[in-house]
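Per-chain residue numbering starts at 1, and chain names A, B, C and D are given in the order in which the chains are listed.
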Amino acid sequence: MTPDLKVKLGSVELNNPIMTASGCCGYGEELAQAFPLSRLGALVTKSITREPRLGHPSPRTVEAASGMLNAIGLANVGLDCFISDKVPFLEKQDTTIVVNVAGSSIGDYVEVCARLNDVPRVDMIEVNISCPNVKEGGIEIGTDPTMTEKTIAEVRRVFSRPIIAKLTPNVTDISVVARAAEAGGADILSLINTLVGTSIDFNTWRPRLTNNRGGLSGPAIKPVALAAVDRVYQSTNLPLIGIGGIASAMDVVEFMLVGATAVQIGTSLFKDPQGPVNIVRDLKEYLKQRNLSSVTKLIGQVRKY
Amino acid sequence: MTPDLKVKLGSVELNNPIMTASGCCGYGEELAQAFPLSRLGALVTKSITREPRLGHPSPRTVEAASGMLNAIGLANVGLDCFISDKVPFLEKQDTTIVVNVAGSSIGDYVEVCARLNDVPRVDMIEVNISCPNVKEGGIEIGTDPTMTEKTIAEVRRVFSRPIIAKLTPNVTDISVVARAAEAGGADILSLINTLVGTSIDFNTWRPRLTNNRGGLSGPAIKPVALAAVDRVYQSTNLPLIGIGGIASAMDVVEFMLVGATAVQIGTSLFKDPQGPVNIVRDLKEYLKQRNLSSVTKLIGQVRKY
Amino acid sequence: MSKLKIERVAVRNLRHLSRDYYSMCLGPWPKGCRSKPGQFVHVGLPESDIFFRRALSIAWVDPDRDESHFIFKVFGRGIRLLSRCNKGDEVELLGPLGVPFKMPKKNETCLLIGGGVGFPPLYFLAYRMIEKGRDPRTIEFFYGGRTSEEIVERTRLRKLGVKFRPVTDDGSFGEQGLVTEAVTRYLDSTPPRNPRIYSCGPAPMLRATDELARRYDIPGQVSLEAPMPCGFGVCLGCVVPLRAGGNARVCTEGPVFEIGEVLL
Amino acid sequence: MSKLKIERVAVRNLRHLSRDYYSMCLGPWPKGCRSKPGQFVHVGLPESDIFFRRALSIAWVDPDRDESHFIFKVFGRGIRLLSRCNKGDEVELLGPLGVPFKMPKKNETCLLIGGGVGFPPLYFLAYRMIEKGRDPRTIEFFYGGRTSEEIVERTRLRKLGVKFRPVTDDGSFGEQGLVTEAVTRYLDSTPPRNPRIYSCGPAPMLRATDELARRYDIPGQVSLEAPMPCGFGVCLGCVVPLRAGGNARVCTEGPVFEIGEVLL
């Protein structure tokens, strides 16, 4: 018996629960040199903003213990260029395409999402209200339940396919923001974005990031991400996408057991571009060994003390 | 020129900025087998509660990437036994003694601190309003500015020597809680306590901690701790004690540059019981090489972009 | 307890025994030679991505060559990494740690009951007792494993001259069944004079041993395992509940406890 | 670009050259032999606590033995760990990566300007040009270091037959001063025919080279360094600003750029 890896996120069925995380796979072109993108459950693009952005000056990444800090600052080609130059490539890929959207005002989000609504190849959008590296928009919205609800509700009016709200862990109670996103009309929640952190060069006495601080990602944050998914799973009914430090099929199992329907692989793509393919293979093997017919049998099945 | 390592926390002068973190050095007895405790700037005891506590059942610790999760659950000998059995040992130690205090109600905190006020060898107390592993007290207080201010204010009335308020990073804006603690009358702030996290056994489908979740510590959280100290340094005038993943003199320098006056070494004590001594040695060497006459020249000297 | 200090010690030898079992020799390490049966070391790999050290019982020491020997079984990533060391690689050692076994009285018959990687401390105990003059035939060495392959270092054990009683789940070597079943049969058929139990092995085996010892009213000790973040008593991560109430730290009050002392 | 796949390749040889400098040989690694001067590999140590791979230029390849050679200098922990590898240890490799140097026109005089660990890609370039038939005497190899000890692999370089022009800050070997000062003196005293610059080295040196090249209106290329989380273009962590506006990724659009293209 070959275990069934299909999962459903709102109305969209994924081939498998393994997605790539925004900002860690560009617009798919480079990753396609590692494996056919059809092997992914879904690809999530870098955050797209209305205008192109250069992001912050270098250095904008720095290594950390079992992870990294980044303050890329939403560098991206901008909406127009994305549609003209990147979508044609994505159109040829036999996988679910999620476009991650960011902005510095609700108007920005709405404008970008409205335009993307007219691009049929965009299967879903992921609303990034959790970027810790920009002054406006991003985390400012995601730490405020009212703003969160409002942003998602506005986007909801202009985008007809499934909407993922991407949550930040930099809050006292993530389930409050999760419920706000649900109230705003999100179909799916993804979590977590990076944790605010910094690093100082003890030689130069300067921050190691020109943005002075950045977002922590990688295996270092996995326990925090798992606890966040666990918490949100108990307080909303939306399907969840687990993100944070995932590097192996066993990590995927952990996230699904606490309630994730799918997961995103971010930083560990840098360590191994073939990672997603290996994870899909190992996940199938895991299910086979345990005689589980479908990967969905894992979702939320942790047995708490 | 031998650099001066002395620092001042409120009215108390420490020999050097290196303290041990609560819960990571018991009541000092074991660590004294590694080095004379006089080599420390200060020793911070395990959290003391009114009644003795067994804590949570095992497993209550689990390894993580560059760190660990713990849900010890404030296991400790209780106030009476502490005073009768542990203080006599501490009395003989030629270092600053900080007693960490926890409770499940404000009354608990007050009672313990009032008793400790009568124990002259207790140089300071550290009020743990940030433990993520107990149902009442702890993090419930530390995530609520009003409760924080109230708890510290009540303790202030019964304890006449310096009070450290220990903050949790599991909040949207740690500077808000920091200012509340300041308003309550704290003399010093220490940060951070652990980040809420969890880990699931993919074989048994059970949490790896009987408490279902725990607190993440170790190098993994260092960037988060640094960012927290940086943030709080900009919003209060109190001296700060940096905590989180510190394992080397270079880590200490990073924390002092963003504003810490002293630091606490927690999890990395487990990796190397001699760590504090090596850190003091390396810190001195660092200052010497840079011709710095005093370690205080580092405090808050990061040059931001 | 000796001074708490991490030492760097070289791997002198690392040998695959069978399946997941390996034997390892570390030296020179003068401190190790003063260790007693039941004590353990906490061993870590410098610069590795495994965060904590792992506990390993001392299996025997060779003071002439200043070296200590260990036997281990790979369960997870930590020990696996250890099993891949090369000769000359250095490990980080803390130890020897913990409370050793109490030596038996002269007139006692020693029942050593080991399962899997419970073998090393019991081997060290037998070795040391014989070194101190005990007649090897007063040592009944019950040694259980799932299959024949889990009964390692037989030649070494036979050389001691103890009464070697191998037991395997599948009967592929020695008696068939669980090791505690074999002990029961032995106690029922040839009741020993003044028996004393020493046991180390997986939790279910220890539970069965504990029960058996209390049923037959045999005194003795068990050596326990627990995940150990620090190994020297400060983290409180390794505690086990005591029958009399309260907890005990396996690293400091243990790993050796009196039979019946711990709620297994 | 070849398929993006991490490969495990063995360390065949690792040799200390001087001070912080080492040479390393990896193989068998068929892909490496197809690499071009200016390209690099991203190399990591499995199971280590260093999170990211590090970039290393390819210094030369030996297709007969299926091996690639590297020269590196220890700055921080990552490369230090690499320098401690033993023969037979395996590293993780991604590559060859990046855009190589453009080959010069037949009639051009090549000024290779290297500083410190900027040496390896330039050595590879000289080697390959000569292999392809260029007269070694049309290659002026300026090689700067702080002291004599930083001018490594001299014998190898001399064997190529290029015009070797060592320069040290302290004059302990070759000309005294900065390497770009030596280049300026050379350009002023014996202006070459159709010069073309290839440069790699520390940032201040590259800035000086860039200025010099534009002052003398000499075309050419520089090879840059940047911290590289991924190495294959997806993280946007390694970008440098372009003179014409916008950013370029050093790992993908570089590491080799036209002189004047990047705001150094």
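Please note the rule applied: a residue touches a chain if its C-beta (ideal position, glycine included) is under 8 Å from a C-beta of that chain, and two chains touch if they have at least 3 such contacts.
Note that the structure is predicted; figures quoted are calculated from it, not measured.
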item: Smallest number of contact steps required from subunit C to reach subunit D; value: 1
item: Co-neighbours of subunit D and subunit B - touch as defined; value: A, C
item: Farthest chain (mean CA position) relative to subunit B; value: D
item: Centre-of-Cα separation between subunit D and subunit A, whole angstrom; value: 37
item: Length of the line joining the C-alpha centres of subunit A and subunit C, rounded to whole Å; value: 47
item: Averaged-CA centre spacing for the pair subunit B and subunit A, given as whole angstrom; value: 34
item: Contacts with 2+ other chains: residues of subunit A; value: 64-67, 218
item: Junction residues of subunit C, two or more chains touched; value: 49-50
item: Overall pattern in which the protein chains touch one another (line/ring/star/complete/other); value: ring
item: Which chain pairs touch, all of them; value: A-B, A-D, B-C, C-D
item: Of subunit B, residues touching subunit A in the complex; value: 64-67, 69, 143, 170-173, 195-200, 202, 204-207, 209-214, 216, 218-224, 226-227, 230, 245, 250, 253-254, 257-258, 286, 301-305
item: Residue ranges of subunit D in contact with subunit A within the complex; value: 1, 3-6, 44, 49-53, 94, 226-227, 229-241, 246-247, 252
item: Residue numbers on subunit C that touch subunit D, as the complex places them; value: 47-50, 81, 86, 88
item: Parts of subunit A lying in touch with subunit D, wherever the complex brings them together; value: 23-26, 30-31, 33-34, 46, 54-55, 57-68, 70, 72, 75, 218, 267, 269-274
